[in-house]
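Two complexes, one shared chain (chain A), two partners (chain B, chain C).
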Partner chain A sequence: MLRERGWELSLLAVLLVFPLAVQDAYFRHLMILVLLWVTIGTGWNLLAGYTGQVSFGTAAFFGVGAYTAGLLAHHLEISAWWGLLLGGPLAVLVGFPFGWISFPLRGAYFALGSLALGEIMRLLATVWESLTEGMVGILIMQTFVSKVPYYYLALGLALASILVMELVTRSRLGYYFVSIREDQDAAASIGIDTTRYKMVSLSLHAFLTGTAGALYMNYMGFIDPQVVFSLSDISIMAILVVIVGGVGTIMGPVVGAFVMVAVQEIFRSGGFGGLKALTQAVGGGFLPVLTKYITQAHVLAFGVLVVVVIMTLPNGIVGDWSRIKRALRRG
Partner chain B sequence: MTGFGKKLALILGSLLLLGAGAGAALAADSIKVGVVLPLTGSQAKFGEIEKNSFMLALEEINAAGGVNGKKIELVMEDDTGKPDVGRSAIEKLITQDQVSVVTGGYSSSVTFAMAAVAQQRKVPFVVVTGSDDKITEQKWNYVFRINPPASEYPKALGSFLTEVVKPQSVVILYENTNFGQSSSKAFVKDCEDMGLKILMKEGYEAGAVDFKPLLTKVKAANPDLIYMVSYVMDASLLMRQAKELDINPKLFVGGGAGFTLPEFVKNAGPAAEFVFSATLWTETVPFPGAREYVKKYADKFKEETEYHGAEAYAGMYVVADALKRAKAVEPDAVREALAATDLMTAFGPVKFISYDKKTQQNSLPTYLVQWQKGELETVWPKELATKPAVYPVPKWSER
Partner chain C sequence: MDVLLQTLVAGLLKGGLYALIGIGMTLIMGVMGIINLAHGQMMMVAMYLTFVLFTFLGLDPYFSLLLTMPALFLLGAAVQRWALNPLLKVESLLPQNQVLMTVGIGMVLTEVMRFIFSSNYQSLKTGYSDATFFLGQISFSVPLTIAFLVACLFTSLMFWFLLKTDLGRSIRAVAQDAEAAQLMGVNAERIRTITMGLGAALVAAAGTLLLPVYYLFPDIGKPFTTKAFIITILGGLGSTVGAILGGVTLGLAEALGSTFLGMQYEDLVGLVIFILVLLFLPGGFKRLTKV
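Showing the complex of A and B:
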């Protein structure tokens, strides 16, 4: 087992020593984001990748977790760290009525229901100003200036979510999930209570996402409805992380999170400013033009890249790993 | 190592080099100043105006000898209008580029999130636009703000209302954004102080496609004054539909933002006529360099600027002034120099003072403008007016 898990264990080793090796707060910050996305992606993967319930509502749970932490500090002056314990359960509570209403729906209809859930939560947080401060948002001061505690918390959470994934996929529960994904009617006919197990899957998803949201509040110190209930930046991003990494694979969200966060930032900052430096060093010609266009149109460039990855690697980077290896060997 | 492994290592290695090269290649004889603005996304238009204005001021400062013989170099970062990206950006500026001062800050939420980072990392941050009151109410001694807070935008409007219009009732419409919610809340307080009756206060989702249901309710309420906090497309549509529905209050007033932009009059057409708006700055303000700035901007970039640009233009001068006076180019020295700022700029006099709950906040007068024959005229305060206010405003049917 050790041999087949070789690269995963070495990745873990690298992640454990990362903050010791890299002192730069900026790169540490990016890694914290990567780890948060590992958790969120893993949660989505459990619900959509394994149980087949494609959700566009990840932001609802993320936001509930984040607001749980934020409101505790804002209204009750209780440390926002309690949100880390309460954010997950509260997200599950929101998930229950939603699941109860929408699990009789299938396929695209469930997806639409989840889309509505995310938007309802966003509007609620925007309009209910006396509770949430609306779009003014909630600001708390972070407990630590150093990023190291946040890093290890995010790493712990990411590891825990992967562990949950491992345990679930090896257990009977995992087979129930897959059977529901493959054919719900067949699953029901052999005696699996499909609504109940879909609810279990949704709760796990909500719990992981809500906890990640609470950690986000503690780390970022600022949230508003547009940030944490965002359709594009949270719900769609969660889907992209898993699709790029590999749907229905355990390591898919890990790879996807790294690729999405790192590549997005590389485009935004023009190779961490490297492109600009290169231009200054080499000077003239084609490079300055390229730099200018990439940095100005980084959102577009990033979008194109994601489209290309999805088109050439339909099973994601992990799912199509053997194909990538072959292509690189040949090249 | 397999052939594949080698290739992967090569790719990763070159990526790392690319990152490492960034720090080394920068010239040592310049002073780096960080600027964070929304250069993409929905606020990109204003980000662009501010970026151009920073560059315009930078050229002038460097051409005049820079700061104590050193040139200033701006490190621009795009916050894409999102608080978390803004946070990444300012973290990068502080730890990687090691700037000793950061400026910019467009939207309130992004500015708020960035200000917290600046305070925590003890690097001065000169806010030029982010207007949420709370930004300078945290006792953050590394955060300075040049522009007035959102609650003060309608200051000039207040005196115009009490001295000229004397309205009895008001309807407040605002977009559900940080700027909309916080400035409408502040205006409610102003109305209560003036003894105005608030008939209706309603938020809407920014970027709405139809305001008729909302405006029908407004018409039924029949207020003396309609106060709106909206960006440019919403502002235009609100006015066009108000004209269609023949809503005739004593006056329509915009709370800054969209109502003062050239695009507003282009989109709203005749419906923009006689609309008032609170504003922070116009080119006719009596500050040295204001008119020249507008002209230089138009010559260089072939388009019109507006008050956001003036804020950025002044911001660059404030930062350069502080760098000149600072004992050393390092954050604490620059912070001290900023705290002692007393500078006249094209945007107005800049001095960071404490009042009410605010600290290190610049205090400026605000203005009331009115669209007259497609031109934005300053109408209040009276001594600075370019044209007298057209009041009472004729009904739509009588124009």
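Showing the complex of A and C:
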């Protein structure tokens, strides 16, 4: 076990000591984001990678989780930490009618329905101002000043989601999921209730994503509909995390989360702030213009990345690892 | 009563344009079996093209139809030829690779336009943008009426093309059964490329026709992609007649919704219809019309 799991265990060890070794708040923040994306990506991978139901509506569950935590604090003055317990179940509740409507149908309905679900939730959170404060958003006081507690919570959540994944893929349930992905008719013909198991898969996805959303609210202290129900920054990002890392592999979302948060940050902050420092050192020239364009291009980079990854690495970094290694050796 | 009639007229006129958007989408759905989630973004590109032609060359939007439609035909065909067709040969776990690809393409189109034109709202003011005429108490916007008529013309042309020409028959054959069509000597890959081009050209026409009465910014593509798939679901996947009915229904419903519920609910109306269709009429109008 130690031998075949070598690099996974060393990664875990590094992650455990990371906040002790790195004091810089910015990198701690990035690692918290990575861990949140591991959780969300793992949930999406379970639904899409293992069960074959591609969802464009991850943001719906993420937002519901985040708003659950935020609204508890905002309206009822209960600690937002209760959202960590309630965010997941509420996201499942939202997913339930959606799955119940779209799973019995064949074809593109589920993908389209999930896209619509994300949009509906975003519009609702924008329009229903008496509940959600609309575009103003929700602001709560964070409990901890330090990032360390949030880091370990996010790490715990990420570990729990991977554990769920391990358990599910080894159990009968996991085989049901894969059989639905491979051939729904064949699965149904041997007595698997396909709608029911798709529902189970969706609920696990919604639960993990909702819990991650609640943690996000507690950590960031501020949310608004544009942020937590964003199609490109949440739903598409979740898809990218998994397809870059490797669809249908357990470690795929972990690798994908690191790569995608890095890509996002390189663009958003101009190479982790490096370009800015360079500009100050060199003093002007073309660099400020370049920085401006690069920071604007992060969504463009996402789009290009989707196109490139699907064409060249259809099974992601983990899935196509042997191919990558061969190519590297040859080159 | 007048308010209701006025709303219905406005909805019907917009519905004509929606039908044009929907037909392109449903053609692609029928032939490729995928939803094109870059459909609205292609329309946005056509709108910017119209905007540039008007602002810098002074070309009237109705004349620039002759340029935007071929341009978008080429864009659509290129996307299919070099981005989507190769995916058919790639082995992957995920069944919806091509749909994901269209999402990526949509994002690229939006962001490239944002680079060129910034996020600012643009609009195109022609002499007839605000022109209206009256039938009884009901006012008709001149550009929307022209748009409606042109949309009807294109829709009829499309029908003639699909029913009477060899190419149209090949497209329908591939939609029905790609393998059988190939056995009969139809080059399915070429048909797919042409179909994507046609879909893009139709949505380009809708964008160009809409621009004189609408505003424009890079993110405008997304809501129209949503509308396009709502229309397609409403009409029944792959059904051309359904797309027309679906487009008109969505136009009417949005108009009624924004008049009687409030402007902010306009986008929600479409999504609610989408859910209702999935619940009570999965398969859409195709189930009723059988075509």
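Rule of thumb we're sticking to: the second predicted complex is superposed on the first by the 294 of 331 C-alpha atoms of A that agree within 3 Å, B and C clash if a C-alpha of one lies under 4 Å from a C-alpha of the other, contacts with A are read in each partner's own complex, and residues count from 1 in each chain.
Here is the rule we use: contacts are C-beta pairs under 8 Å (C-beta built on N, C-alpha and C of every residue); 3 or more make two chains touch, one makes a residue touch a chain.
A quick note: this is a predicted structure, and the numbers were derived from the prediction, not measured.
Look at A:Val299: by the touch rule set out above, it reaches both chain B and chain C. Contacts of A:Ile236 after superposition on the shared chain: chain C is touched, whereas chain B is not. Of the two partner chains placed by superposition, only chain B is touched by A:Gln226; chain C is not. Legend: residue contacts after superposition of the two complexes on their common chain; A:Val127 is shown touching both chain B and chain C.
In the overlay built on the shared chain, the residue A:Gly6 is in contact with neither chain B nor chain C. Look at A:Gly156: by the touch rule set out above, it reaches neither chain B nor chain C. Taken together, the two complexes place residues 123, 126-127, 296-297, 299 of chain A in contact with chain B and also with chain C.
Contact residues on chain A toward chain B in their complex (touch as defined above): 24-26, 29-30, 33, 123, 126-127, 129, 134-137, 139, 141-142, 145, 220-224, 226-227, 233, 265-266, 268-269, 271-278, 280-281, 295-299, 325, 328-329, 331. The touching residues of chain A, counted against chain C in their complex, run 48-49, 52, 54, 56, 101-102, 105, 107-109, 111-113, 115-116, 119-120, 123-124, 126-127, 181, 231-232, 236, 239, 243, 247-248, 293, 296-297, 299-300, 302-307, 310-311, 314-315, 319. Listing the residues of chain B that touch chain A in their complex gives 2-4, 7-8, 15, 17-22, 24-26, 39-41, 77-78, 80, 82-85, 87-88, 91-92, 94-97, 108-109, 112-113, 116, 120-121, 132, 134, 138, 176-178, 180-182, 203, 205. Residues of chain C touching chain A in their complex: 29, 34-35, 37, 83, 86-87, 90-97, 99-101, 103-108, 110-112, 114-115, 222, 226, 229-230, 233, 237, 264-265, 267-268, 271, 274-275, 278-279, 282.
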